[in-house]
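Dropping the structures in below, format is structure tokens.
Each of the two complexes below includes chain A, the first together with chain B, the second together with chain C.
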Partner chain A sequence: MNDTTAIRHIGQPLRRREDIKLLAGRGRYVDDVRLPGMLHMAVLRSPHAHAEIRSVDLSAAKVAPGVRLVLSGKALDGKIGPIVPNWIIPGSKVPFRPVVATDRVRFVGECVALVVAETLAQAYDAIGLINVDYAVLPAVTDEEIAISDSGPQLHDNVPGNITTIYKVRGGDYQKAAREADQVIGLRVVNNRLIPTCMETRAIVASPEPDGTLTVYIGSQVPHMHRRWIAETVGIPEHQLRVVAPDIGGGFGAKMHLYPEDLLCPYLARELDAPVKWWESRSESHQSTSHGRAHTENIEIAFKNDGTILGLKVATLGNVGAYLSNMASGGPTVNTINFGTGTYKIDNYEAISRVVVTNTVPVDAYRGYGRPEGAYIAERAIDAVARHLKLDQVQVRRRNFVQPAEFPYRPYGSMGVMYDSGNYQGLLDKALAAFDYDGRRSECEALRSSGIYRGVGVAAYTHMCGMAPSRRLAVSGFDRGGWESARVSIDSSGRATIYSGSMSQGQGHITSLSQIAADVLQIPIENIDIVQGDTRQVQAGHGTFNSRSMAVGGSSVHVSSQRIVAKAKKIAAGMLEVDEEDISYSAGAFSVPGTDIAPVTFSTVARMAYVGHKLPDGIAPGLDETVFYDPTGMGSPSGIHLAYVEVDAETGIVDILDYVAVDDVGTLINPLLAAGQIHGGVAQGIAQALYEEVSYDPDNGQLLTGSLLDYAVPRAEHVPNIRSLFQETPSPTNPIGVKGIGESGSIAAPPCMVHAVLDALSPFGITHLDMPLTPPRIWAAVQKARTGASQ
Partner chain B sequence: MSGSEKLHDVTIEVNGVRKTIAVEARKLLVHLIREDLGLTGTHVGCDTSQCGACTVEIDGRAVKSCTLLAVMADGASITTIEGLAGPGTELSPIQAAFHEHHALQCGFCTPGMVMSVRQLLKDQPDPSEHEIRHALAGNICRCTGYHNIVRAVESLTSKGDQP
Partner chain C sequence: MIPAAFDYVRASSLAQVIDLLHDDPDGTKLVAGGHTLLPALKLRLASPALLIDIGSLTELKGIEISETSIKIGALTTHTELLASELLSKELPVFSQAASLIADPQVRNRGTIGGSLANADPAADWPAVVVALQAEIEIAGTNGLRRVAAKDFFVDIFSTVLEPNEILASIHIPQPKAGMRFIYRKIRHPASGFAVVGIAVGVRLQQGVVADISIGVTGAASHAFAGQQAADFLTGRTLSRQNIDQAAKLLSETTECLSDRYASAEYRANLIRIETTRALLALSS
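What follows is the complex of A and B.
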């Protein structure tokens, strides 16, 4: 048998098939959807972080020009909602969250009332005419204060403002601490971020003549949105069509259930007209989920040679005013399960408390929990190296999990298993590319002349593609871990693939085609990919958790294999030979060792549909659907290195070099893979150096309410990123792919912080919290200099 | 009809086609382009003139079209992303360079970014990397980390001619 397995498309840097329309301005995003008779919704948002609503006067708004409907929360009470999370860690206390606030508001930006009008301008005008009488209550924005005795209580059923307590334990930390040469403590803040998709959220709900409802929404998870909207608004799921057109970035922010996702469908049915809502950027800062917002207290027990014996972690995850979609899972399972990083730390004890505050709900943002977990592991090991004055690379090397130890369960964990990896190999490759020794010497040489340069290192691993389905039940995650793909071959032999994954810029049309083309052995131009329409795509979970290639890609791979398997049976009938004698190579079915003329894939496809010569028991058609549920999760890993120069007089950080070596398993498309690293690293650098959501601690006002004061980096603020790869295929799926989207945002924050701390080491500065802004660095240098002169 | 605002005629030439449109005085140019002309390749990414997704060319200069009222553009000649590619071709050289160098992911910032690159290369036909990054400071991209956008622009300079 001589079936070819030669890979032709996987591994090739193919240019993206989706580019042309986007470059030509022919992309179609939700805000581009314009329907006849379409009305516009605007939302009145709370100006207070915490207040009672005494009364809402809608009378002036109701008679404003163009206004069709004005509602406060009371009018919706009992009709739609409440909004419930999709991931509830067992034991969690879930706050009641109405779609629109009725008697109390708990964050600046919470929906209080809404207007539907003929134009958006009219809707905005009428919003300004609504009068709300508030009785302001004390507000709390900080997670440590929220759980203290002085923290005002947000919800009656959430005593102490803690919704969830989650613990992880392996080995015996107390024993390790006793046996250690030294134990040090570290408190680190993982700064609150705004995901900032360049396309804000938008939604159009349109009643159809047949009684169904079509919802256009920029959703990473169209089928999940269909389920959630159906259940929360009370629409039969099969009568709801969710369409996700082109999406202008997601990064986790577009995979949750927001009030507006429910209001537009409800109002469209009430008014029997299409209703659109578009989120302004300033509105987005106070209504779309934020990310991170942790405080971690860390204790590390180690020997004087740098060997880590034990790690103890206490996490406080600030989740804002309510438990958003996945919010109880992020600071818990996703964070502290991964707190030991790439290191062999057998004695581990961690606790996470999920805390509500008077702030915008916090939920998934690129990496969700894994950046926070990696930050714990990396800041801890770097602190040990710094404390012992040992080389940061050597201390990591000493503690790495070894290649022969995979699959590896850290601290004997039942929930975490790293499927594969070679951290030493990554490190060697990274050090060589970076010229580590040269840079170290350069740093030393320049310091005497007052030039402060530093080298930062960070290692990471995590798990992608939450699966298998039955395991997700244990953690209270109310969805499966599978992905579906339907490969439909037409009578000309061309393929249309319906995938439950959902690209938001990752380039699935290209990468999924590459996967299918290798199995089907047909030209890539003969493959179309359909995503983002629940009427067309059978089922799906969408795109998050770096799952799309590992799970979605594998489902395309397996369904394509089934196509070839059936085509082979049909070819056997046509050639009048046994199926076992047939070889499929270069798109043709042949019988090796004979002079029987081969039949092409397209000829077989034609036969599948005319059905004239089908073998007994073979039904017509060439169309296969697979629900692929992985047996496990892939574990990407990587080493990132940064070289910085810090101006001690201004506090400005100049990034001189950045090298990322990532092991994401099999590379489907190296061009797109590098693009994912570039983008993730830029967002990680942004967290480390620039971005931070600020609240006024006294009254809970959002201070970073627009792009004027929230510091998203520009082209000048990020460096060239040298992205290299090592391919250790994952044994958990047929393609060997692991996942890549979250890697950069996981590795870059600790890498950058370590580089800056290294540069500042002559000042004796051992810790700074992100973002490392010029004022923060300048103040630390000033303090160090003042202290030294006293 | 419920419009309470007085309308004003605006005559503009967009992508070579002259049109007169009646707009409210408060309407931004970007909304005229998107809503009245249906040219949805020009995007709205913020409300403080920070992101540059709405950048178009007005009388030969790249301008953020959210910074102008539509009535202020009366008499202007405007080119949007839809007007870039010449007849018979799908992409202009800048657009083709973005495609070749994977300089776009979600594509939302891309039209504005392309318009700004056009301006940059008019002003400085052979910019350095630093000059490229500086010139694009008015356009935010959240997906690419700018790395491949810079590569795409460099490919159109003397650096791109080198082997």
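What follows is the complex of A and C.
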């Protein structure tokens, strides 16, 4: 039935409802939390990548002005901790990780001691008075060296520095390699990144008069933080309230358990006073988790017409000094499960080793594993096209999974299923928008005059919203796949929605309202969204893995449906008709084909609360809570195209055009969706061209310790991005949405690398590792020129 | 982070600054825009006993233009240099170079005197003032003295300034009619500083180079004048061949820095390319 009166918000490019507050500077972040009597914590961090702690002398710090408490790791030993991962791939060897180092430090930045003082300045002054006697040990920062015989051992229970070995296999790669016309190999590095947020980490823990503890923390996962802090510090979970206020970016880094998250709650209880810690930018670089940091060895077997027969992958995932929260899952399940990308490659053999090194722990960063997986598939297929001198688009088209093959299990996988997609459609749309043929000829025409332009292509797919809950057990993920939403209608018919999702800038207040408004058929202004307070929000898992619309949105959708179902029953009683005869639209319950006057949603809400005329068996109130556990996961996909010009004399890359065509299922809000693509592409371009964490290989010192050295992209570094969409609804959830947050950062790195390699093809350059900095590109051109002249 | 404790004086005259510097030259730091000093204080890389805020010294502010020279006060901000119409009329290179410095927030606070006195090997103004053949005026216990810009920079973060002296102003001789300047820069993607920056001034007379000056920054331990290349081009035309040869000469005679981001070879290449491109732009 086409109801023209119905309220429809899904699909509308509404502006963000939350922006007025944020843009006017009225956002409230953790650092804005200033409580009476609040004390300040500062942390002494290890200056060494690997060392024994011989002694820690706290005496001078203890008597410094304003100091209330000084502790080294020994004093905390056995009281709080250890920090345990939340995702442990079966068979993993988990290193022991104390909250504060006791007898050994394993990376530059590891907590060694802490001070709590009355002012932050006093805390920092006292930190400078602590003397630690270290015996420096050999350090290793590189994953390949770490697993070699010469790699110093980090943990007694992790021989060879390998915590986890994970294998994936489908078909028969050896047979495919034998039957192939050619086999080529390539080794690619997925550069280590710093997930840079505008707001660094911060936490305030405050003991309440009733004996409970409130923790304010910039968290993507408030309920998970409540559980982890409760379990690790030893606080009954119900006596712990976690409040996540406005957050200035998360990108994965704010969904882990860090030492400071445990220290502040512990110290607040010890000192019976609020304790605050916030992280400076340089501290952030050496204490907040890093991202990526892989080396991949790839072998690809193919026929001379470009048909891929088999793929073999060996991944080394550098996870830093300890297994962080999800660290064993990233280089394994999240990476090599997705190594075949959008292509039909039946013969697949992959192994991933998770390696500890003397570096900052590595964990989830926008895409977590899927960018690395897509990079494997894309670099491999591009290498085949280049090797065979075939068109990069044609080789992709030849190997794509076909629309009729969905739901598709790549290489017969039990764990991976792509629910839907139409890669050919994406490609056609992208090529047309980009003017692919025109650009190709333009590249050719300009090359003779020394202008080096190139076109890059990348395709991707992945899976969003890890679920269902029962399947997560298999991979050792110690949480559920559901999300919860409570829709509470007040007596005037307005809605307050308590959502377990947690926005860090995504615009949930707007998008979740749109979902609810369409079901509830009430104006969007009458809907409020509450997130980020475990005392208000019943339960939740938070926001990561592009799950908030598919899982969080679906829970809002289903609980809103239950509200309408109950309201309909109440309306039926009020109108004295059968429930089945009632139609509900635009906030009115009517009985079509009769002259019965409709009753409004707000009138029904009023009735629900006064309870005067409720049908038999209907309890008062209009308030529904749902724990929505999806049956499967949605698979977004996309094609990105980039057009670049490389200055061969300076190595500078100029991005002339960037077109993204993404299929993220049903678009809830095209404006927010484009924003998600823009942000992700910016971060992906940054990985490809600018960002790289560097360590001194000899002593493990972090060389990119500040934003003076670590190149986060600025406006001048990011081109205009043309974001287009194709909507193939996901069959796995009632809205048809798939997930979008990670798409840009997955597609952009291979797309940019391919564009630059294409531009450099006249020089015979077939491979470069990210980031493609001007000096790196220039050196490759020089090498090619020198080689050619010899 | 939080700086270590320090005493703070807001200076009301240049004489007061010089007196205070005289008392404890090594324990005292001057702060103007603070864009280099404040981060160093916060990281506790610098812990001066006394910080003298010179921000309100009007005698160090402003741009004065006379028949023979242009005087720029040390406290003039990058934004003021970018926006000054008076200065743009005489020497548009100031506006052009200022527009390549960092971002608007930094330009609003940072000063040309601070940039020169700090002598970051990758700062932009050093190349420009060298090419403009400016003189740096320095105030100290013994009054004022002037040093040619090309002799002002000594090493990484090091100049001829004594610990008890303060950079007061920059004096630029009025360029001869027809003299044109350009500043070209390859930005470091993170810091925005110059990986290599080249400032060139040229005056052509009947197609032949009558006057030329070259300032280079970013490439070596401090900014310097590309004298050999300038001498080579003097009296010659700006033909492609001559330009290439001069650029090669400048590149080959520079002992370039090498760091994690860019090798010495890459910097030498940028000197060659950017000098070539600057001269080509000035040749038409």
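In the analysis below, the second predicted complex is superposed on the first by the 783 of 790 C-alpha atoms of A that agree within 3 Å, B and C clash if a C-alpha of one lies under 4 Å from a C-alpha of the other, contacts with A are read in each partner's own complex, and residues count from 1 in each chain.
The rule is simple: a contact is a pair of C-beta atoms (placed from the backbone, for glycine too) under 8 Å apart; a residue touches a chain by one contact, two chains touch by 3 or more.
Predicted, not measured: the structure shown is a model, and the values here were computed from it.
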| item | value |
| --- | --- |
| Chain B versus chain C as contact partner of A:773, first or second or both or neither | second |
| Chain B versus chain C, judged by how many residues of chain A each one touches | B |
| Partner chain in contact with A:712 - chain B first, chain C second, else both or neither | both |
| Which superposed partner A:110 touches (first chain B, second chain C, both, neither) | neither |
| First (chain B), second (chain C), both or neither touched by A:32 | first |
| Touching partner for A:24 - first (chain B), second (chain C), both, neither | first |
| Which of chain B and chain C A:196 touches, first, second, both or neither | first |
| Chain B versus chain C as contact partner of A:645, first or second or both or neither | neither |
| Residues of chain A that lie at the interface with chain B and also at the interface with chain C | 121, 280, 282, 707-708, 712, 714 |
| Chain C-touching residues of chain A, taken from the complex the two chains share | 120-121, 124-125, 128, 280, 282-283, 649-652, 689-690, 694, 703, 707-712, 714, 717, 773-775, 778-779, 782 |
| Residues of chain A defined as touching chain B within the complex | 15-16, 18-20, 22-29, 31-32, 34, 65-67, 117-119, 121-122, 196-200, 246-249, 251, 280-282, 504-507, 671-672, 674-675, 678-683, 706-708, 712, 714-716, 718, 720-721, 744 |
| Partner chain A, residues of chain B touching it in the complex | 2-5, 24, 26-27, 34-35, 38-48, 50-51, 53, 80-82, 84-85, 90-91, 95, 98-100, 102, 104-111, 114, 129, 132-134, 136-150 |
| In the complex, chain C residues that touch chain A | 1-2, 4-5, 42-44, 103, 186, 188-191, 260-263, 265-266, 269-270, 273 |
